[in-house]
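Paired with chain B in one complex and with chain C in the other, chain A is shared by the two complexes that follow.
Here is the complex of A and B:
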């Protein structure tokens, strides 16, 4: 009996609870009375740089804005950008990886060369370079006036997500296509397309989900770094990175303005990593393939 | 030797592709690259002069060829925005970044190696479990978060080290050098040590099960000697590979750390140059970073081949 009862895996439960709670707060922020409005400016204009657990849950910044509310709005933007980027990255990177792993030969060589080049270079350098140029593109050309910072950051982060995803999907595809059930499908006369979609793709899902979780964590870090270096989305929308960067100058008087978004960012990245790690372990995915 | 040449060729190719892509990227959305190079708001004659000098009216490939030709003679051009040749700029900015990187790697190894050895030695013990959780937490800590926490607790609260760093050369004043570099280097070193602790621990646990460890133990060798000399040497290979793999992340982290601690390094300069459209500086710095990443990888590969003859011969037979 005792052999069957499982010990509850508290880190996973906590991580999932944190992410679900944060997502719900972030996407209902506009309808919640204790968040909405507080992010803009202080009610009654009294709460300048108040400490946490006073009338403000996590304190207020030097303009009297509620740090908790700003963090939740920051979560909204940061999570949205990270999720959009990872979706684009997964679709493009996954396709490239499957093609490289399944068809091999020239396609494999070309795609592997591409991922090698991408992985050889510091991601944050690519990110600031491309975002900086997109700013110039928007300024100088009518056709790209829609290219707001939100779009260019999402786009840049998707590019960064492509290479690692392509690489791991390629490795997984290589090993899956050697398995017997693929051979069985082939001997029944299945064509390449069917083998790829019906046999290989479903078996890639666990690995991809695991990489998506850790990938979101990496993208959140990258977004924070970009925002810190001055490449965040348009003012005054807060993101975690911008909150950290902006309030850093007031760290002596009001430490909560910087530390709280740091804690949020850390807790979120940690949660994504914990979940990614658990999924990888559950399905026995080798880290070495990264 | 043939293997070495093969690898060298591959890396030169990667380098050329990277620098070419960077050049393409720096031209995105630029109305007139010559004007950007000349520093924005200047007279038309000067813009034309720059255009002539860097052959900006010729096809792209010619421009790139010209740039590569100058690169070979180590002439990176002139930054009109800074009124300084790019070479001089590099000379000033290189050492701070170099020291941050070296100290970060040093701190990373200093923390990781003993922790990993003891964790592997007393596997699944209390220390191992604590360190495994701790290192997992540090893996999830972005460089900015580490930087904020370090600067707040150690710089602002305890006042041990300055929050805004200055560059002091090691040979001028070792104590001031140490004071100024410790926070930025720790910011990067902590993350690295987390990666290396986990990697080395896993590798050591594997190594400790090999026959040669059993032989050493049977001969009555002390556990300390077995761990620090025999097992560590065998596991060092994967650690060295990891140093090469981490180079990209390390440089990226250094850009953030330099900005955060106001260290006048090359990453700090790069961010500024991108904002200013100072294209030649951007190209020069990114090329340099690419060279560093590529060269470290090349060295590690060659080092591998020197240490492990199997790799050398496997490639030669192919």
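Here is the complex of A and C:
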């Protein structure tokens, strides 16, 4: 332990600092004087007239809005979508995977067939189809009026997350339930529910944490891709993907409009990956010492 | 008095793509309260499957079970897990081979011992933890209070096996099945664990089935020994009687293959040639015949039943047991041929 604490692991520290800082900025943006207001159009910045590090921190966009402020507001939406969809994906996919891996037989066949089908579909096609369906649903039915684009994108991404997560959890559950301590728990009279919750679930966590971190990164990119194709939140709400998409036509005159959100997305995805990787390695050491 | 555990003609077969594997094939024995039975055999002789069959801890899919297992006069063979739950932990408990993998790595020692107490005996949590501490003292773990809050990876192998024993003892079982409890431990710790098991057995008046491949392990710690080969019991005798007078060539070969202290160094270890029989299609006659130094024609064609030897309780399955004229002659002839 001492060897690890003495030498600071800078990539991890930076990644964590970036994510924590970004989250705080994103969710307090409305109260921060240097962000609030800059997201609105301002005459002095119209037509990309201001570059980065002027009175506009990361330059201005076509309508005279500060790119930095837009990026931070974009982070709010992008992060929220990615986090919510990974949570839904983990809960649903994890449950399916545990059921399939633990009970096997018909449940395993059904769930594995489902995940195989899901994985065989091109994700972008599913996403476009489902967002279209959700839009129609909201317009035609009162009961679904809450289903804004934010939610429909969240659901689409969680559907995409379910299959890979279910697969990983199934495989892990299979291998953990063959371990001797599970048999030992059975031999002492533990029921299936107990075995699942007390013996298997905690042992799934280490693997899952790193998968979840990497998954968030993938979902951030996926959201960007959807936004790029035009399937994003209603205007004028920014997300990173939409910022990249809407400013890319002007990349020659004003690179900052596209590149800055790209950098944000890149740094965030990298941070999630670094953290996921470190967590995986950390738990590996513990497993190896077992 | 022999109605504590009666195992009669028990078999366990597994359906596999290659055919039916007869892992346990017609095993009969009885065990009295407070006694220890050692089950000895090499890998693949069915000894582990036999102990799991008694516990009822077998996969359900593709398993064919038969025969009767009567525990305290009640038939337990073929019971559903829901019916076995009254027995698991409270009546029978099992100790597994590898203490490295038989504890949940993410649960504190204290909770692992307390859980069966809380759930099987409805003990309140604080009382269960106090009992857990007492159990750790019983199995001679120093600083038991500190251990309650430690995780398995903080303990050594021997300590972990002690914890396993404490967990198995927690609900006061009457029958303890120890499946190679010392195989994964080094030799000095082995002796300690076996002594501990004996001591706890005597204190609690438990019966024990000690499964091992090591005749040395069972020698000092059992009342009776059953030698298994190819899914069957081939010789069974009270411990003293067996070592004085082994009749089955396989038992003799097992004992021969233990390195001896009094031989000069670099003596070749005696091994049993060949491999254990294929349990999908076992040999027609005696299952040990293909590897037996004294096998005759009859051994290859006709399966020997269990004969009773002179001393009480000693049975063996061999047409020409060790010491019989045919056996002695065959061994002498073989010795001449090799010279």
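To be clear about the criterion, the second predicted complex is superposed on the first by the 270 of 290 C-alpha atoms of A that agree within 3 Å, B and C clash if a C-alpha of one lies under 4 Å from a C-alpha of the other, contacts with A are read in each partner's own complex, and residues count from 1 in each chain.
FYI, contacts are C-beta pairs under 8 Å (C-beta built on N, C-alpha and C of every residue); 3 or more make two chains touch, one makes a residue touch a chain.
In this text the structure is predicted, and so the values were computed from the model without any measurement.
Per the definitions stated earlier, placing chain B and chain C onto a shared chain A by superposition produces no clash, and the two fit side by side. Between chain B and chain C, an angle of 90 degrees opens at the CA centre of chain A in the superposed model, to the nearest 10.
Contacts of A:138 after superposition: chain B is touched, whereas chain C is not reached. In the superposition on chain A, A:160 contacts neither chain B nor chain C. By the touch criterion defined above, A:67 lies against neither chain B nor chain C after alignment on the C-alpha atoms of chain A.
When the shared chain is aligned, chain C comes close enough to touch A:187, but chain B does not.
Shared-chain residue A:228: touches chain B; no touch with chain C. Number of chain A residues touched is higher for B, counting chain B against chain C. Minimum Cα separation between chain B and chain C in the superposed model: 6 Å.
Residue overlap on chain A between its contacts with chain B in one complex and with chain C in the other: absent.
Across the complex, chain A meets chain B through its residues 113, 116-117, 119-125, 128-130, 132-141, 144, 217, 220-221, 224-225, 228-230, 241, 244-245, 248, 251-252, 255, 258-259, 262, 265-266, 269-270, 273-274, 277.
On the side of chain C, the complex with chain A involves touching residues 55, 57, 61, 81, 85-86, 88-90, 92-94, 96-98, 100-107, 115-116, 119-120, 152-153, 164, 167-168, 170-171. Every residue of chain B that touches chain A in the complex is listed here, in rising order: 14, 17-18, 21-22, 25-26, 28-31, 136-137, 139-145, 148-149, 151-152, 156, 248-249, 251-253, 255-256, 259-260, 270-271, 274-275, 277, 282, 286, 289-290, 293-294, 297. Within the complex formed with chain C, the chain A residues making contact are 105, 179-181, 183-191, 194, 198-199, 202-203, 205, 286-287, 289-290.
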